[in-house]
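Just so it is clear, A, B and C label the chains in written order, and each chain counts residues from 1 on its own.
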Amino acid sequence: MSAIAAKPGANAGSFQPIPSVIAIVIAIVLVAAAYFLGSSGILAGGAMFVLQTLCLIILGAALIAFGVHFVPVGGAPAAMGQAPGIATGVAMLATGAGLAGLFGGAWAAELGLGVALASGAIGGALMMAITCLMVNISYVFGMGIPAASGKVEKDPITGDLQAAYKSQGTEGHGLPFISYVGGVIGGLFGGLGGTLIYIELLNFYNAGLPALGFVGAADINMLSVGLAGIFAIGMFLVIAVLSAYNITGTIEGPHDPKFKRFPRAIVAAILASAVCGLVAMLVVALF
Amino acid sequence: MQEIIIGIGVTALAGALAAVAGAAEDTESNIGSQGDPNSQVQLAPQMGYTHRIYNKAVSGEPPAYTLWVTLACGVAWAFLMLGVNAILAIIFGTVLATFVQGVYATTAYLGRTASLSKFGQPVFIDVVKSVTTVTMAHAFVAIFATVTVCYLMMTVIGHPFALPLLGIVWGLALGAAGSATGNPYYGKERQYQNQKFGAGVPISASGNIVRYAEAGQRSSIDNGFFTAKFGGPASGLCFGLIVFFELWRTIIFEDYLAGWGAVIVGALVIIIFMIIDRYVEVWARKNYGPYAVEA
Amino acid sequence: MSVKVEASHDGIPHNKVMVIGAVISLVSLYIAIIGTVIGVDYLAFFGGFAAVGALIWGNSTIKKLCSYGIGTGVPSAGMLAFGSGVIALLFAATLGGISIWIVPVAGLIIALIVGLFLGWISNSVLNMKIPVMTRSIAELAAVGALALMGFGVVATGTVGFTGIATIEILGVTVYNASYIGAGVIAVSFMLGAIALQHPFNACLGPGEKQDRTNMLAIECGFLSMIIMAVISFVFVSLAAAWISLIVAIIGWFVSYVKYLALSKRDAAAWLDAKPFSDAEE
């Protein structure tokens, strides 16, 4: 993303049990608070509807956080063929895939939740499938460099040996098949999670805005779409950046040792989305 | 039926426009030296290599292009509301976005270069004048094409998102596709032209970028000549395919199986791309061979 | 890579910059609200000053945070700030239904709370162990909310939810052409997110100087205000939009020229059409 380098070391990579438990407890308290706001009528739609909306927003955020860890991103070294992965920033690449999914999901929103979610997931995966393919084509046909991983000896899917295809003085380059599959899965989860957040918020605002007094016009749906759209994008960015912090900028894919850090990111996403989701829902609160 | 035919036409047009946008985007970012390869431009003076390469450290390409496209969409929407004709409105939006891009480019170059004064890296005013205008021209093409794609999606195809929201989605996708595909070609193949072909740049060579052109000292415009031959079209193909398949699968197949048709076709397309990728990977391993004998 | 992030020794300490930025921002927003309350919209341009104040504050915070090396680029911090800021902003706008006077302060406080959560998550749950993390992310969220509020004021002339969610066209209230309904808030979002991270990111390096970076923050603020002023022709009266646009252009031009002068002052050399001389040759 920029010239600022990843500084490993400060990040031991271990799971933090005490803060994680505190985070989960706070998240549960926030969900309970949402329940009471719903049952007391401050949030429209009834307690169960409010509870379901917030829980699914949290689920969507957890899916995004999990998905970001699959996306193979090499940052600046990848642009010089010094490290495997896609040569860009992890937060923005994951968000790009997620929003491409959101585009598909929002388009299919009127066809029902299942189709919309599947369409969102496929949209994100398709974006990553094409991008990752073009990355490999660029390496192989543009620069004459085969794909090689620096973190594992063998590709866990194809069993190809990696070390011999790594050029001297580098940590590997390109996208070995495991990274490619990781990218597609990352796009899948990103698109799914983003679409889930969007659709839950959309339904919530469609129910909540009329109660707030925004009635009378047929185009009220545009207001809900605008609100849900900007919130889905904002929350996606928050979760993606937090997950990027978790992997300190670069990761090779699901076979990278850094991948094991994902539980931390999921805990982080649960609390972050509980806070952001609750505040976003309070936008249509009745005081 | 007519709806589907219009849909197919728009899909093809959007895909073609997206291909143009992707190619222009990558060439623009390479001429301006933006994104990850720019870390080497930043590093070179610190290693004692003074150079005349631009240093457009606005941010990574995805956020930067999200801004240019979103604000062009927003301004275009404003002009549409004021009753201006659509093409003119998109051009006004694009012009303003290009202006903002140019200002950001100059402030980034001046800021970064002035902060490198300790290493004796001078500010080259002729580089600012010549390169900024060239990046702005490419940015205009990229932004105009992308905003047009967004406008087609909103009006003809009827996507629920408003124009600026579509701008965020496709601006980000444009930057992500362009930087993913184009960055290695500029970073490895052009900046480190003096290193071995067919191998990554050894980490020990970092900062030793090529600073001389065929004649005289290389400026960033020379990088545009080079990457426009492969990195640009490849990025264009990447973004064009993304836009095309996202629209195609929905417009043609959404009516089948209550919407699941589009999902199934999308999944099939992903699997086809996956097979092509595996083929490319194996082809490279077979034809290029290992760097050392496999143990 | 091995580019080190070195923040300069600041002439003005961070806390002072923070207070100055926050005060400029809040005072400007309240002046704009006076306009809303007495029913005139030509005070909308004060929103631009609010955004500039917030960006000065945010710029100083980013500098403090990113000097630690947060593992990914500076731009991500801007995205995080505005992602959380936009949520806080819209909730605060809803609270404008109680009284419009509480919106700026409410936005500040809600954003600080959301940001504290996110900062604590980054620092403790994600184990980043950066001493200023919690405070910095909280500040950035607040900056995001204030800057968005400022841009919103430039565009629509108000901070209340009704004002940004509806628009009167020929006497009919419609939603799909409003600041939110038409997604114009996305433009503010991106303008702010890039303007927030750009000054420090662009002036990064061992020769970074606080006055130059701050001047760039002001320049970015006014540049963004130009765009919002152009868009505001849809929402506010013609006179108000022209005032915003002219103020923005003058502010941008003055700060840009000053920034050029400061860059010239700090550069090793300022050469026109001259080659570099290589010590090795």
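Keep this in mind: a contact is a pair of C-beta atoms (placed from the backbone, for glycine too) under 8 Å apart; a residue touches a chain by one contact, two chains touch by 3 or more.
No experiment lies behind these values; they were computed from the predicted model shown.
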Chain contact topology (line, ring, star, complete or other): complete
Chains linked by the largest number of contacting C-beta pairs: A-B
Computed distance of Cα centres, subunit B from subunit A, in Å: 22
Centre-to-centre distance between subunit C and subunit A (centres being mean Cα positions), rounded to whole Å: 25
Junction residues of subunit B, two or more chains touched: 39-40, 42-43, 57, 59-60, 63, 161-162, 165, 168, 206
Sites on subunit C at which at least two other chains make contact: 1-3, 73-75, 79, 176, 181-183, 185-186, 189, 201, 204
Per-residue multi-chain contacts in subunit A, two or more chains: 1-3, 5, 75-77, 89, 92, 222, 225-226, 229-230, 233
Complex contacts: residues of subunit A adjacent to subunit B: 1-3, 5, 75-82, 86-89, 92-93, 95-97, 99-100, 102-104, 106-109, 111-112, 115, 118-119, 122-123, 125-127, 129-147, 158, 160-161, 163-177, 180-181, 184, 221-222, 225-226, 229-230, 233
Residues on subunit A engaged by subunit C in the complex (per definition of touch): 1-8, 10-14, 16, 19-20, 22-23, 26, 75-77, 89-92, 214, 216-217, 219-220, 222-223, 225-227, 229-231, 233-238, 241-242, 244-249, 264-265, 267-268, 271-272, 275-276, 279-280, 282-285, 287
Parts of subunit B lying in touch with subunit A, wherever the complex brings them together: 35-40, 42-43, 57, 59-63, 159-162, 165-166, 168-170, 172-173, 175-177, 179-189, 191-192, 196-206, 230-231, 234-235, 237-238, 241-242, 245-246, 249-250, 254, 258-260, 262-263, 266-267, 269-270, 273-274, 276-278, 280-281, 283-285, 288, 290-295
Residue numbers on subunit B that touch subunit C, as the complex places them: 39-40, 42-43, 46, 48, 50-52, 57-60, 63-64, 66-67, 70-71, 73-75, 77-78, 81-82, 96, 100, 103-104, 107-108, 110-126, 161-165, 167-168, 206, 216-217
Interfacial residue positions of subunit C with respect to subunit A in the complex: 1-5, 66, 68-77, 79-80, 82-84, 86-88, 90-91, 93-95, 97-98, 110, 114, 117-118, 121-122, 124-130, 161, 165-166, 172-176, 178, 180-183, 185-186, 189, 201, 204
